[in-house]
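Data first, discussion second: the structure below is written as structure tokens.
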Amino acid sequence: MEEMIIAILRSATPLIYVTLAGVIAQRAGIWHLGLEGLMIVGACSTILGIVLTGSVFYALLLACLFCILGSIIFWFVVEKLKANQIIAGLGLTGLGLGGTTLAVEAIFGTPAAVNAKFGLPKIGYVFGDIFGAFNGLSILVLLMPFVVFGMWLLICRTRLGLQITASGEHPFAARSVGVNPSRMRFIALMIGGVLCALGGAELAAGSLQIFAQNMTAGRGFMSFAAVIFGASHPIGAMLAASFFAIVGALGIRAQLVFGDDVPHDLLLGLPYIATIFGIWLSAKLRGGAKAVSGFDELRD
Amino acid sequence: HTQAAGDNGPVDSMISELKKLAAEKGFTARTIYAKDPATYETIFRTLGEAGAAVVVSTFNEVAEPFKAVAPTFPDTNWIQLFGDAFEPPIANVVSVSYDYYLGCYLSGVFAAHVSATGKLGFIGGISIPPINADYNAFKAGAMSVNKDIEVSVAFAGSFQDPAKGLEVASQMYAGGIDYIQTDSGATDGGIISAANEKSGRMVSSLDPAQYELGPKSIISIVGLDFGASLANEAAAALKAGWIGGQHRSTGLGTGVIDFILSPLFKEQGDAGINAKSANAAAEVAKVRAAILDGSLKVPFSTEL
Amino acid sequence: MVKSDNNIFECNNITVSFGSVHALQNVSVAFERGKIHAVVGQNGAGKTTFARVVAGLIQPSTGKILVNNKQMLGGDVKQARAAGVELVHQSFALPPSFTVAEAMQFGASNGKIYSRRGLEKFWQKHLDNLGVNVKSKQKIKDLPVETLQAVEIARALISDAKFLILDEPTAVLSPETTDKLFERVRQLKQSGVTIILVLHKLKEVLKIADTVTVLRGGKLVQSPISCENIDVKKLSAMIIGENASQNLANSNRAAPSVAIKPDTALDIKQLSTIKDVEGAALTDVNLTIAAGEIVGVAGIEGNGQRTLVRAIADMVGIKSGEIYLNDQNMTQMSHLERRSNGLRIIPFERNVEGLSLSSPLWENWSIRNYLQRPIFSLIKPKEDRKACNTNLKKWNVHYSNVDQLAGSLSGGNAQKVILSREMDDEAKLIIAAQPTRGLDIGATDFVWKSLRKARDNGCGILFISSDLDELFDISDRVIVFLSGQLVGEFMPPFDIKKIGAAMIEADL
Amino acid sequence: MNMQFITIFRALLFILLALALCSVIFVIAGFSAVELFESIIDGAFLRNGAMKHALRWAAPLFITSIGVIISFRAGYFNIGAQGQFYIGAIFAAFTAEWLNGAPAFVVIPACFIAGATGGALWALWPGLLRLKSGADEVITTLMGNFLASLILIYVTGGPLKDPSGSGQQASSRPLDEAYRLGNSYELSPTIIMIALSLGLFMWVIANRTTFGVVSGLAGRNATMVEWQGTKLLRVGLASFLISGGLAGIAGTVELMGPNGRLAAGFLPAHGFTAILIALVANLSIAGAAIAALFFGGLASAALYIPVMSGLPASAIEIINAAIALFITAKSKFLDKLFSLGRAKWKK
């Protein structure tokens, strides 16, 4: 049982951070399909940071910096140039995946996986032996519930949260009380950038100490689906992300149990099927959430 | 190469050996990662047109493109590593096959001897035929020692997803498996991390470079000295008098492929396991001899 | 303009342009403290733009603004609010998923973390003090319009507003609630708040305002005019301009045609629907419209008028009852089949339901024909463009070519495009839902004439309008909807008191 | 028309902006941007037979991008072209395997029908989920792409695996020479013909049928079309099916043309590039033909660059991504020009 909780925590934590980034962006009115790209940037810069500076702190700082830089570009393109969010988000993702590969190649001469000497500090290392079996998890796992709670407070219990939400839902209402929706989106994307950096860091340096090309393997997109499935509510999103993590774990279990009868490749598709199911279910329950699609979206 | 670099294993060593060779001999080398099978033929053609002296590529998937392209560029020497013999042979093509699965068979034999729980695991990147063959051999090796041993297999879905590797391996270890053979590129990194988490977890990976990633968990490797092999073949092909149209089968007998125990584990690993592993190694040596002298035939199957 | 310390607001030479549209040109106005000032003008005269400039939502391209003798930056809502200026919008600006408490909070100035209960209690007290009858934990999207408005006003008053602007507050209210609103406005005036009311109905202006300011085509006609010195006639002449007012057709209408033709255009029997997404469900509605009759529908918005239209158009699920068009049972027919039998609809929202603004005119115009054909049938765009051209010319639409985007037309012309599409010779029943909303007097007159002409050609017409005056002028019969039920039927001469009472019966 | 010119100008401007961003990235990474762009231009347009190579990649991209155009015009963000492309190819490969030995005039059309059906089916379920329950098609089609590549891996390593040799290839058996429409080194006139006639046919569908106009209107304002009496289901599903079907045909073309067999993970960026083409062309089919040539050139340059200059091929991926980032942007400067154009209309 404990083992299972640890496994779920481990695979869910990076997803949850990134999902929260998606939630706050969604609240502010941005469909954030660039999550995958920012997540890999976070993962890559954390590992490169550790390798190059030898300090976890600087590594995390570097990750935040790059993710924020990516978010600024995204904000500029979407807000200032009024580009289509979905296409621009996919572009950001491509830039992240390609850029990290290029970065590794530029620094090490080959696009090989990068191993760091150490990863993020472990719970046990920081707090001593008080969490028992959970000591081996990274501090970002311990931090996660607090971040979720913090995001919940921010979004659902502060005026800033209301203003961000209003900027997404009814930008004119926001403007008419003196809130600048564009600035709110900026804030949301910056917070999201930091969260993506943490998510990426946890993925690459939480239990591992490795960066490999494309190692996010669709987790960013899954997080985005969790945003929708979780009704863009921090708690709901956390549950949705955990649900996807559980399905992933069950998929592995299924491989071990049914692997002889069902092709493994198809069992590997379970998380994707679960995502589709989640999107369908949330559409059924809450009515479809629809991005501002179309090419001359009328906002305000 | 058709598999991404970053495995800390064959591909990486191949690239670095090639670079070394290029530096020594003073020629230009290009490494091209072609992940898209639809582009193989075009890339080879471009290389031919560019006047490359030697083109080395990997895995069976390039066989068809080689067949289509090589005859058009008779002045270029083509080498296919990890491939079947061409039928009929092509004059300027050499193919080299590696019986990597035999190494996995040995790993299976070894695992069956050292496992305390009687449960073994195998983690592949994606379920593609060569990986399936490795697993089947691993399983056969284990069963040859103990018919009741349990062998499970799972795939991470990618050769570049260490996080998934960690998850899969954790589940396997949690389920009582204590020995995992990896075959999953960069995903291996996650499997090794999982093995490092608790003592008593053993993992067998595939390159000496990985030893230090898990001094107390990587007990062995099914080594493939791809880099050396590549360097040999390329150097040969650069010399005058190279003869194409051949197939070389190499592997267990020639030292290119072998089941090797980690020296680091011997120093730092669990003493109990090390004691067992000494015995097991002796058994493995016997089996290896039997394979080499032909008295033992290891079946080859790519079906799961 | 006289500079005076008694002025709470002054502006000088304000100009605002949207692309080539000059919404305001060189407007200079001053408002005296502690009074009720009305701003009037036709649609598009620039009233809303003016209100938004005052509230800091729009930055004028030239001009100076003073509030309390303090120079404003312009285009800065925060500064305007700090100076006590609050604007209640024509279409309310409250995020629908918020609770009332949240909607109050997000514009308020204290930024601490709150608890949901605490927040609700806090704002409940505030709302109760202001006499707004609403629970602070209710969701905005569940509130009726009057309450929404009350909430907006309450919100405007939290940060002790000194200068409150209400943009067309009465457009959505019934006569009774309008009176209540005016009562509140007077109280506010008592307590020292200066109020600007943007209004359409001149009678209301004279009833409540101290001064009136007239805008026409973005220019200031005159300001301030004391309400004691003016009557409706003079005021309306100022609003539409002397020339235009003479050219207007005699809008004191032709007598209702009482010659009821024998055929019925529409016959609805015991119709009940499920609840529609955007309105009340219908219960047991019986309604007949004769060929050659205009039936007007009165009622406060959201009481089932919309559902009625959508039911006739097969856009909402029917629970029981039957619908006949031209004596043919249509209950089981699709919207398209009904249309091929002569149903035509001029929808509520011109720019959303009526036209695709980012598509060319000819596509907008041809779609009705296209939908009558199989999905992959070949078309000849050249001929359709030509046909569109001829038709639009016939309807006097001002445009330059049929490839122009519908969004580039002015409101009146856009409405004419819809009329030309929907009012063809095969039309048997025309549903005209708010066909004159947002149109100026000239265009309105055109719509009325067209409807009358169709009526004289034997069409049945269902005319829905929230403007009772218009409804009385044009209808041969008026029915009233309340909570999805048909609660009253009136023949001319119409008695506004009775009809008004019928509209809000539940509230009495 | 004035407007068309502005659109093209805008597209070019933002492609330049994207390239500028890329240059910055490349320079930071220590590669020479000038060298890179030189070799791109060389590889895409100047070298021997550049046109031939560009066309080879452009033809299937064009076919897929028409499908994307159809669904984008109708207002659906079907970004699942990749998956539909794969499933189309898989269906065609099964058909070819099943009919192996039959005369080419039977097999080839059968494969195309199967390919189109496969692609359409893979677009059908996201379409139904979207139209029946409102499930957002962006995510479902994206997940469909992941699923399709797993299915591709499965069939190439399982039911369709080439059994020759030691059976280690994750690919299907090479198609019989008689069924091939072309190979990967000569330009196949058949494929160009197929692409052009599909282009022409779909142009008629998009611009000369009621479906074209109605779906275009629905894409820009679905509410209005509903108030005109049509249920969006029919038009919407037709758009999904057509766009999936075209991607499936592109998959068939790849299978029966240059590839000649089905291999795990082939053309992994095909769908994404097709989306870019559709957008660069501003959803115009004629424009897509030109844009497809441009991206076809880039694709062939991507294969040429690492051979000639040692620059990583990921450079091209970065360029594509940067173009995606900017391609739908609008600029204030151009909008001003744009609104001047409108003012003239208004008189």
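For clarity, chains are labelled A, B, C and D in written order, and residue numbers in each chain start from 1.
In this text, a residue touches a chain if its C-beta (ideal position, glycine included) is under 8 Å from a C-beta of that chain, and two chains touch if they have at least 3 such contacts.
What you are looking at is a predicted structure, and each value in this text was computed from that prediction instead of being measured.
Set against one another, A-C and C-D show the most C-beta pairs in contact at C-D. Averaging C-alpha coordinates per chain places the centre of subunit C 46 Å away from that of subunit D.
The centroid of the Cα atoms in subunit B and the matching centroid in subunit C are 74 Å apart.
Between subunit B and subunit D, the centres computed from C-alpha atoms are 36 Å apart. Chain contacts: subunit A has residues 111, 263, 265, 268, 296 touching two or more partner chains.
In subunit B, the positions touching at least two other chains are 33, 126-127, 157. For subunit C, residues that reach two or more other chains under the stated contact definition are 358. Of all possible chain pairs, the ones that touch are A-B, A-C, A-D, B-D, C-D.
For subunit A in complex with subunit B, the touching residues are 3-4, 6-7, 10-11, 14, 109-113, 115, 136, 203-204, 207-210, 212-215, 217, 219, 248-249, 252-253, 255-256, 259-260, 263-265, 268.
Subunit D makes touch with subunit B in their complex at residues 48, 53, 56, 150, 153-154, 157, 161, 164-171, 174, 183-185, 254, 258-261, 263-269, 300, 303-304, 306-308, 310, 313.
Chain contact summary for the complex, subunit B toward subunit D: residues 30, 32-33, 35-39, 41-43, 45-47, 49-50, 59-61, 63-64, 68-69, 84-85, 87, 97, 126-130, 132-133, 157, 300, 302. Residues 55-57, 76-78, 80-81, 87, 89, 93-98, 102, 105-108, 110-116, 358 of subunit C touch subunit A in their complex. The touching residues of subunit A, when paired with subunit C in their complex, are 153, 157-160, 162-163, 165-166, 169-170, 172-179, 296.
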